[in-house]
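Please read through the structure below; I'll follow up with questions.
Going in written order, the chains are labelled A, B, C and D, and every chain counts its residues from 1.
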C-alpha cells in the first residue's frame, strides 16, 4: 500500500540500516580517534568479552554494575512507580470532570513534555542537599536533610523518572477506562461489590492488555532513557550509572565505537527479551477475548 | 427458481464465492434481482448475507464467481465505478461533518459544484423531512434522524442500486415500524433496485418483493415473502420464518401416517416410510378436548396473552410447540393440553431437512 | 454513620489529590522563580530583588536566541509534521492491511527505535547523512529524528486508527470516493485528535533532543536550543544559574503553549473518545 | 505591506548578487573554538572578532587579497567539541583553523585526522622569523613526535591557592604581617590542614582534585600534583613505558586516603558530586575552603572580577604557594616543588582549501602585536617570550617561579584513556570502595589493556 511506503523508507534507512551497521562494527575495534581509527580491524568477540569479564563484572563503572542499577531503576520507576501511580490517578479521576482533574492531568503532563535540559536543572535544584525544595519540605516536618544525589543517587533518579513519566501511563489508563462501558461498573456495584472488588474483578481484567502494553513501553523507555545522566552524570562513583549511560560513556568518552556498538547490541538483546516476555503474556492475557 | 435468465435480471450473481482464510462465507451463490425490485437477503447472523451485500458493493473481492449490474460485469470494478449506494448498520455518518456535508459527500466526490450540491441535498432532505437539521452534526440529532440522513446520503446521487445493511437494527421498536413503512414507500417512489440485508424475518417479509433466505453461505430458498412463508423448502427456512416460527415435531412416516410422540396423524398424500419432521405453524393449531381423535397430547408450558391473540406453549415429547389463539380471552387450561392439527396445513420434511412432496 | 464515612472518604480523596498534585508541581517551582531572581541559587525563593534582567541578558546572546526561536522551531516543527503525517499514513495502512504478526512487527520497530536512536548508532547515522550530503542541514536533523520517532508514533496512532469504524471508509468508497479522497475527507478529520497527540509528542521529543543535532549540525547558526543552552556555562563548564533558568523557562514555553492549545482544542488523550463525534 | 515585501525582495536579490560577487574572488576562512560571546571563553571571541580579524582582513587587503574571516562559536562541552572535530575531520570538513587542546593531538594524529603545519602548508612554515620567540616547550604543547601542529594561546602552571583571611583567623599567619605561607613537604601541608580543622571546624582545610567528575582537572590539578611529589611521572620518558605499579603511586594514593578518608581534611563529597568543580569554586569564594590546588586560570579567570565566583578583594584575601614534594628533594627530577603545564591553542585543518591564507591568519594572530592585544584583555603566560605577563604581578610571579619546574603530560595516543584510569583510581580511594593497593591493582590491569603489558612498568 502506498500509504506505508514513506514509513518503510524512513524505518529502513534510519533504523534498520544503522542497526545492521552497529551490529557489524561491534565485532571491530572501530574508533574515531587513536591508532585503530585509521584502519579498524576485526576483533571477533573481544568487545563482548570485555563487557562480561567475570573478574570485574560487578565493579563500579563496569557493565554488571550498570545492569544492576538499571534493574533497580526500571523496577522502581516504571513498574512500581509510573504504572501504579498512573493507574491510581486515572482511577481517581475516572468519570470525573472539572478543574481539579484538568489541573492534575496538566501538571503531570507538563512533567512529561518539558524539555530534558530544563527539567534536569529543575531536579538538580529540587533535590539539592542544602537548598533543595524537597529537603525544605521534609525539614518543615522535622525530618533530617537528605543528601539525595550523594547518598541515594539511584533513589533520586528513580523518583525523578516516576515524576517524569507517570503522565504516559495516566493518559493511557484514562483512555482504557473510558472505553469500559459504565454498565460493567454498575452491574458490579448493584451486585454488591465494594470498590476494591470492582477494581479487582471487573476493571483489572478488562484493562490487563492495556496494562501490559503500558508496561512494555515504559519498561523499554525507562531502560533506554538518558535524561538522568543530565542530573547525576551516573555518579557519584557510578552508583546511578544505568546501561544507557554506560553505553554513552564507552562509546563517546574515547570515541570507541566498536565497544559502544557491542554494548548497544547487548542492550538490544535485553530489550528483546523483555519485550518478548511481555508479548507472550499479552497474548495469554488476550486469550479470553 | 433459476428460471430467470441473466438478461432479465438487473443484478446478477453467478457462482459467487468468498473465502476468508479457511472460512467459506459465501458459497456458490446464484441470484437474479430484477430492475426496480426490493430484494431482501434474510438469514441468521454469520450466514454470509452481509458479505454478499459487500461483494455487490465492491467492498470485498470475490474468491470466485461474477457480478453483473445492469448487464455490466462489475466484478473487478472498485466501488466508485459501480454507481451503487449503501446504508450501513451504524449509518457511518462522519462525526466531523454536518448533515449537509454528510449527505452531500457523494456529490462532492463526483465534483458537483457547491451550489448545485446544496440544492440537491436540500431537495432530498426535504423529502426525508430533515431539511431543518442540515447544519447539525450527527451527534446532535436523534437516532431516527441519523437513519434518515444516512438514507438521504444514499439517495442523493441517484444510484442504480441501493444496498441496505440492517439499517433499522439500531432503532427502537416503534421507530423501526415507522422506518419500515417509510423505506418501503421511498423505494416504490424512486424505483431503484434495492438489496436489503436483515436478520429480522418480519422486516424482510414486510418490505421485500422477494426474499432470499441464506444459511451457512448458501441460498436455501428464493421467492416472494408469502411463497417462502407458505412453502418453506427446508426445515431451516421453516424454522426461521414466522413469529413464533413453525413448530417442528420429530417422528416417523408409516403407511400414510405421521407418528409422533403419543399421536398419529393421517396424511392426505402417501410418502415413503422413514424418519421425518412434522412442521405446523402456530396459527394452524388449535386446542382440542381430551381424547379427540388425532389430537396431540402435551403438557402446558406457558400462556402469553398478547392482546389480540394468546400464545400457548406446550411440551410435546422433547420439543415445545406453540399455538396461536385468536382470542382476547385467556383459555382455562389444566396441566394437560391437546392440540389439533389441520392436516391440509402440515409440512413434511425428511430426515435430511428437505421438504417432502 | 454513612455521612461520617462519606466525609472521611471525601477528605481522603482531597488529601491524596493534593499530595499527587504537589509531587508534580514542586520540582517545577525553581524553574518559575529562579529566572526572576537577580541572584539565583538552587533554592526556591521569592525573587528578591525581582528582576527581568536575566531575560535581557539571555536575549543579548544572539546565538542562543536564534537557536531557540528559529532553529529549534524549524527542526522540531519539521519533525512534528513529518512524524505525524507519515505515522498516520503508516498506522492507517497497517491497520487496514491484513498481515499476520503486524502487531509484533510494530513492537519490534518500537524496540529498534529505542536502541538505535540512542548513542551507539550515531556513527552510522552521521556517515549516512554525510553521503546523502545532509550534514549540517535542518533537513538532515528532521529526517533522522523522524526516522527515530516513527515507530512509536505509529504505535500511538494505531489505536486511534483502529477505533474508526470500517463503515466510515466503506461508506465513502461506495459513495464514489477514491481511496485517497476517503483518507483525506473521512479518515484524516476523524484522526485529527490522535494526530495532534502524536504531533505534540513528536514535537516535544524533537524539541528536547540534544544528541542528534549536536552531532549532525556543525555550524552554530543552525544549532537548536538544547545545544545552545551550553553557552550559558562558564569557562569552567558550570552553569550560570540565573541565565540557565531564564533560558530554560523560555525554552519550555513553546512546549507548554502547544500542549495547552491541543488540550483545549482537541483534548490531549490517547485512543478512543472519538466515536462520540465531533465537538 | 506590499511595499515591505518588495523591499525585502530587493534586499534578497542584492544580497545574493553580493554573495555571487564574493564567491568569485573572496577567500573565506573559518575559525572555531569552544567559545561563545557572552558565554564560554568570551574574551577569546572578543579578541578574535574585534581585534584580530578586522586587522587581518585589512592587512590582506593591503596585499591585494580579499579575505573574510568568520568565527564559528561552539557552546558545547570539551568532550562534545572533541567529538565534533573527530567527526568533522573524518569526513573532510570543519573550520580552517580549530581551537584544540594539546593533549588531543596524539590521539587525532594516530587516526590520521590532523597533520603537522609543514605538511599542510609546506616547508615555508619555518620561514616565519617569529619562531625564535616561541620556545620548544611552547611548541610541544600542540606538538607530537617532534612535529608542530599548531600554536598555543599560552600555558599554565598549578599551585596551591589559599585564603589568607582564614589563615590569619586561625593564627597561622599574623594579620597584616605580609608573611607568606609555603609548606616544604606533604607533612607540613597536612599539619597546616590538621591545625585548620581543629581551630576552624566549619572550614574544609584542603581540597585536591580527585575522581572522574572533575575529569582532566583531577589528572592535572590532583593526581599529577601529588604523584610528581613522589619522584615519578605517570610515564617514564626514558624507557617509553607507563608506570602501572610503583611505590610512588601507592604513596600518592595514601596521601589522598589521608586527606579524604582517614583524617577527613578534605571533603570527598565535593569531589564526587555532579558540578563538583563549580561547587568547589563556590565554597572557595565563600571562604569555606582554606586551600585548593588549582591552575593559574583559577586566579586570572575564576576569581577575577566579573566572574560568578569573583572574590571582590581577591588580592587581599587570596594568596598562593607552590605544591611541595613529599620530602624536600623527593619530587620529580629531584625537585623540592612540583607543577605541571598544559595548554590550548589553534591548529590548521588538514582539509583547508586555503592553507596559505590560513597559515597567514595564524601567524598574524600570534604576532607580538596581536598577542599583546590579547594580553590586555586577559593577562596570562603567553607562548611568545617577547610577550610578558603584564598588568598582573601575581601571574608574572607564578610564571617566574614555576615555569622552570614544570613538566607536561606524555603526548601519546593512549594518554587520555590512561588519564581517565588515573581519575578512576583516585575516585576508588576517595569514595572508600578500594584500598590504595586494590586501586593500583585495578589501574595496572586497565592500562595494560590499553597499551599492552609490554609497555608498562611494575615495581
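The rule is short, and it goes like this: contacts are C-beta pairs under 8 Å (C-beta built on N, C-alpha and C of every residue); 3 or more make two chains touch, one makes a residue touch a chain.
On a predicted model such as this, the values are computed, not experimentally measured, just so you know.
Shared contact partners of subunit B and subunit C are absent; no chain touches both. Chain centres here are C-alpha means, and the one lying farthest from subunit C is B. Inter-chain spacing, taken between the CA centroids of subunit B and subunit D, is 90 Å.
Note on chain placement: the centre of subunit A and the centre of subunit D lie 38 Å apart, centres being C-alpha means. If you average the Cα atoms of subunit A and of subunit B, the two centres end up 56 Å apart.
Here the CA centre of subunit C is 39 Å from the CA centre of subunit D. Multi-chain contact residues, meaning those touching two or more other chains, occur in subunit A at positions 32, 124, 252.
Across the assembly, subunit C contributes residues 229, 239 that each touch 2 or more other chains. Viewed as a contact network, the protein chains fit none of the simple shapes, being neither a path, a ring, a star nor fully connected. By the definition of touch given earlier, these chain pairs are in contact: A-C, A-D, B-C, C-D.
Residues 54, 57-59, 78-80, 83-86, 88-92, 94-97, 105-106, 108-110, 137-139, 153, 157, 163 of subunit B touch subunit C in their complex.
Residues of subunit A touching subunit D in their complex: 31-35, 37-38, 50, 56, 59-61, 124, 147, 149-150, 231-233, 235-237, 252-255. Taken together, the subunit D residues at the contact with subunit C in this complex read 36-41, 72-78, 80, 83-84, 87-88, 91, 93-94, 275, 277-278, 281, 297, 301-302, 307-308.
Interface of subunit C with subunit D (complex): residues 57, 60-61, 63-64, 126-127, 130, 135, 214-215, 218-220, 223, 227-240. Listing the residues of subunit C that touch subunit A in their complex gives 13, 16-17, 20-21, 23-31, 34, 41-44, 86-87, 89-90, 92-94, 96-97, 104, 107-116, 118-125, 128, 143-144, 146-148, 150-152, 154-155, 183, 200-201, 204, 207-208, 210-211, 225-226, 229, 239, 244-245, 248-249, 251-252, 255-256, 259-260, 263, 268-273.
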